[in-house]
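Let me give you the structure first, and then I'll get to my questions.
Note that the chains are named A, B, C, D and E in the order they appear, and that numbering of residues resets to 1 at the start of each chain.
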Amino acid sequence: MDFSWIIPYRELLLQGALLTCMLLLISVVLGFAIAIGLAIAQVGKNPVLKMAAKGYCTFFRGTPLLIQLWLIYYGLGSYLPFIPGLRSSFLWPIMREGLFFAAVALTLNFAAYQGEILRGTLLAVPRGELEAAKAAGMRPGMVLRRIWLPRAIRIGLPTFAGEVILQLKATPIVFSVTVMDLYGAAYKIRQDTLLVYEPLIVVAAFYVALTFVITQVFQRFENAVPTRR
Amino acid sequence: MRQEAAQPALVVRDVHKSFGALKVLKGISLDASKGDVISIIGSSGSGKSTFLRCINFLEIPDQGSFHINGEDVEFRTGRDGKSYPSNARQVERLRSGLGMVFQSFNLWPHMTILQNIIEAPVHVLKVDRKAAIEKAEALLAKVGLYEKRDSYPAFLSGGQQQRASIARALCVDPAVMLFDEPTSALDPELVGEVLKVIRGLAEEGRTMVMVTHEMKFARDVSTRVMFLHQGQVEEVGPPSQVFGAPTSARCREFTAAGSH
Amino acid sequence: MNSSTSIFQLLAVSPPGWGGVLLTGALATLFISFGAYLVGMALGLFGALGKLSGVPPVRFALNFYTTVVRAVPELVLIVALYYAGTDGLNRALSWAGIGPIEVNGLVAAIAVLGFVQGAYMTEVLRGAILSIPAGQLEAAKAFGMRPTLRFRRIILPSLIPNALPGFANLWLSVIKDSALIAVVGYQELALAARVAASNTKQYMLFFLAAAMLYLAITIISNLLFSALEAHFRRGQRPIH
Amino acid sequence: EIRFGIVNEAYPPYTTKDASGKSVGWEIDLMDAVCEQLKEKCTIVDVAWDGLIPALESNKIDVIWSSMSITDERKKRIDFTDKYYSSMASMAGPRDGVLGVDPEHLKDKTVGIAVSTTQSAYFKKHFADIATEKSYATVDESFQDLASGRVDYVFADTGPLKEFLKTDLGKDCCEFKGTVPPDDAVLGAGVGGGVRKGDNELREKLNGAIKAIRANGKYAEFNKKYFDYDPY
Amino acid sequence: MRQEAAQPALVVRDVHKSFGALKVLKGISLDASKGDVISIIGSSGSGKSTFLRCINFLEIPDQGSFHINGEDVEFRTGRDGKSYPSNARQVERLRSGLGMVFQSFNLWPHMTILQNIIEAPVHVLKVDRKAAIEKAEALLAKVGLYEKRDSYPAFLSGGQQQRASIARALCVDPAVMLFDEPTSALDPELVGEVLKVIRGLAEEGRTMVMVTHEMKFARDVSTRVMFLHQGQVEEVGPPSQVFGAPTSARCREFTAAGSH
């Protein structure tokens, strides 16, 4: 076992780790926001929105993230030259980087999984609690905002930690679109040094540690409202 | 602020309601003036809960006229042929003037007792938060739960939860309180404490409509008792009449069975 | 490559169309997934029984297995196991005095994905076994059933309905994870799409085609699992 | 039997797969010629790029035959045959007909390069101060981003570069910008077959075959099918 | 096939059992000859279930001698210092000669009633499947469940489930039937139907050991009643003695309380 490469590559590793954390944070936060919309559309009355949300979740849950990422990065990328004026627009610095597409794919993917979970927990909120809110004169929007959604999120909290960990584990895939996340850094180190296992071991240790941190953070959230067992 | 005095607090006429082919309410009327305590009794499935839920539009009646708190409620027929209130805002406004206490309490478990109580005043009536808290604490003291104000509902006994939900309903200062079997989810020990609170409200002169199976209690506190049978009013009158000398044979049977 | 080549020509099953390559890839995906699923199930069964056995060193080792495998990204695991696995195996073999054996890509892919699946299966099966009411096992004991008979006749059939939702999730995830095998060079559906795309430069077309194939597999699997669950829950009263 | 480890990613014209799933390309032709010369049966084993050396070491393959440049770093782990082609590094860029591969043309440009290649080493040595390197897992990916305009240049082996420029996509977007000046220190050793350390018997056999094929004209013969230059 | 006649079906002597520091059984003995119906009564926690479960080794006793169905059971001390039967095969063989009926039925939910009943005969005793089905159907007819034979347990009422579980226990033709409060998970309506079946078995002359809280029933059907108190036999004798003129003060208290 040879770990002497860590020193010369520390910069690369550190940036990779930061990028991994950033991608996780962005995709979880934005994905969660989209998921709320998806879940509400699925339990709502509008048939068009319902179908659209269902279709969305089915597609993103039914295809590999790898393919989704290739689709939007290379697939859409092959149409970029045909968009006039794109190169000179302010969007170009974003569109030319894999990071943007990686974040988008991860976000859309997370939203689909989370949307499905939130749909279930929205339906799990006891009807009576919603009737109590209606009986207090709340508008539908307020019922949703003050009672339904907060309750649904709380019911789902124990599963969210698991979802975030799954999301963390999905991030290395971004390397296939030139994003130098932690796994990307490890890949490069492996190529440069021809070491097969050592960089992977370091990376794996990082993910295990981060998983531990995520578990702890969510434990805090869960303890915020005491429950009786 | 509210119209009171001579004017009736609640006038409901000829309410009909079906679920699919099942006719549950077949023309029920109810008048309540300020200070009235009206008990609704009847066997299971007779439509008591459905009628009560029609009053605050948790169920939308197929037919009927409603005059609540000085306002008439208009209905329109929706594209699906069903009846809907014309004005959703009006329904929401009226609901906030009707305090409802459910059989299963339905406190919101993600909020403390205090938060539960100030939720509607602050967010629906836009009362100042500090004023709402003051009022809520006074109400909690009244129902004997002051020390529990920062507990979450899951940590309260059934009787305490029901008392908290009564305080929640009271905090919007409703013209009429609606109770749907407020004690039947409680074990006998806890029933007493909740009935005590309701009795206190009756003595204060609060307008109340109450579905209950506690015959003795209904007899003691009501100004009027209504006996429902298969979606119709079989007997209505002061408790002395309904329990003492009912004209309807069915009512006689029912009240006799209840008193053994 | 001629720019007038139509989509249909590109997707034709026989060469020069690339449909055949995609379908072969899809078959490979199904084959790998199914193999890995079975391997995972076997590992999961041993894992679950081991965890429930209460023998401390076994439990410790299994906890390590499930914790690490479920915390480390599949991609990292696949790459690490793919290289370490065969290398380690051959080292062990040569240490035991047997010559190195050839592990082909397919077998390695199945073994690696199966190893990952096994950790999840362990948890699914453990939960399913724990949710069998103790009384049912006592009843079996009271009739003089041996442990093996008890397992075969009572535990196994009762845990299936409990485990099916978890099994369904894992099946869908192994299909998607099998796409990661592309990074170690085994040509399943994802890599097939990529090869077709880079040869024809029709990236959008082939990635979409692959996505649709995955989606079809998913949807058909969902239907199958629903049918299975309905079958295995026939003894349960429907919840209204 | 000799097992040839070949990368399962498209790297035309050296190796790729056709629509029937068969491996084809210059290196495949070379392999066939070598095996014919040696009268040996040859099989192709598909391996990912980063799995080549581990596969060789764990005895899944006997030769790495996949455009692997001979470098000192690699020589620590494996032995190489004599080179069978030289890596000539060239650049492609947008079709403006103006810019070339001189440092002043590359100023502030983003250059796509496959990770850990000799081109990457060359770039670090000569252009690191004036242009930005963007790393790709495979050359093919860098070509795609060149076409979509995400990189200004791609710096790669001349063979694949020219092959890309022959495709519709390549023709429409880009043009050949030139070959960089040789630098034997990084590019010099060329591309050879990789064998296990100490497997001298196979190395010598392969060296002999390569020499024979170059001498008897076979090399030049199939070379014409792919290149307009001599890659040796 | 089985040793019967003069020989006792079950001889259990001086059973001790602790859970951790808690001594649950402190030397209990029981003799049952063929045809005996022995009821075990006692307050909650007195060790009735534990004793019954020791008889078929669902709990392993710390001490005690067992002579079941003509065989002596040997014990050995395990490495953990606990007592274990020396021969697991023997235990399995003996168990298959003891039919156990649980309070909570414990039917296997993935099998139909018929499959539940033939499971042990076919797979443990290796009886021919056809013969087992014939016998099972006869038993089902006897307990009045013939038409339910292809239903799954979840679709039966509690009383039906308990009757099915009795049929299941009977189908291995056990020398002794063990019942652990077979009616206490049932509502009063269903208790009757199960007791009727057990009474029938008693009249047939089946050897039975039964933990029960149904005093009247125990009095009617038992040949002997055993009163347990804190892990010891406080009183044992014919029902007339135990219920009529108990020598132990505790037993008097207990039976007096049970008869109100």
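Observations
Please note the rule applied: a residue touches a chain if its C-beta (ideal position, glycine included) is under 8 Å from a C-beta of that chain, and two chains touch if they have at least 3 such contacts.
All values reported here derive from a predicted model rather than from experimental measurement.
Between subunit D and subunit E, the least number of touch steps comes to 2. Between the contact lists of subunit B and subunit D, the overlap consists of A.
Across A-C and C-E, the chain pair carrying more C-beta contacts is A-C. With centres computed as the average of Cα coordinates, no chain lies farther from subunit A than E.
If you average the Cα atoms of subunit C and of subunit D, the two centres end up 36 Å apart.
Taking each chain's centre as the mean of its C-alpha atoms, subunit A lies 46 Å from subunit B.
Put simply, the C-alpha centre of subunit B and that of subunit C have 56 angstrom between them. Chain contacts: subunit E has no residue touching two or more partner chains. Residues of subunit A found to touch two or more other chains are 74, 77-79, 176, 196. In subunit C, the positions touching at least two other chains are 79, 83, 87, 183, 194, 201, 203.
Chain pairs recorded as touching, per the definition above, are A-B, A-C, A-D, C-D, C-E. Interface residues of subunit A, counted against subunit D in their complex, comprise 74, 77-81, 87, 95-97, 175-176, 178, 180, 184, 187-188, 190-194, 196.
By the touch criterion given at the top, residues 58-59, 61-68, 70-71, 74-79, 165, 168-173, 176, 183, 186, 196-197, 200-201, 203-204, 207-208, 211-212 of subunit A touch subunit C in their complex.
Residues of subunit D touching subunit A in their complex: 50, 53-54, 73-74, 76-77, 110, 115-116, 134-137, 141, 144-145, 147-151, 169, 173.
Those residues of subunit C lying in contact with subunit E across their complex are 133, 135-136, 138-146, 149, 153-154, 157-158, 160-161, 232, 234-237. Note for the complex: subunit D touches subunit C at residues 7-10, 12, 16-21, 45-51, 54, 57-60, 140, 144, 147, 167-170.
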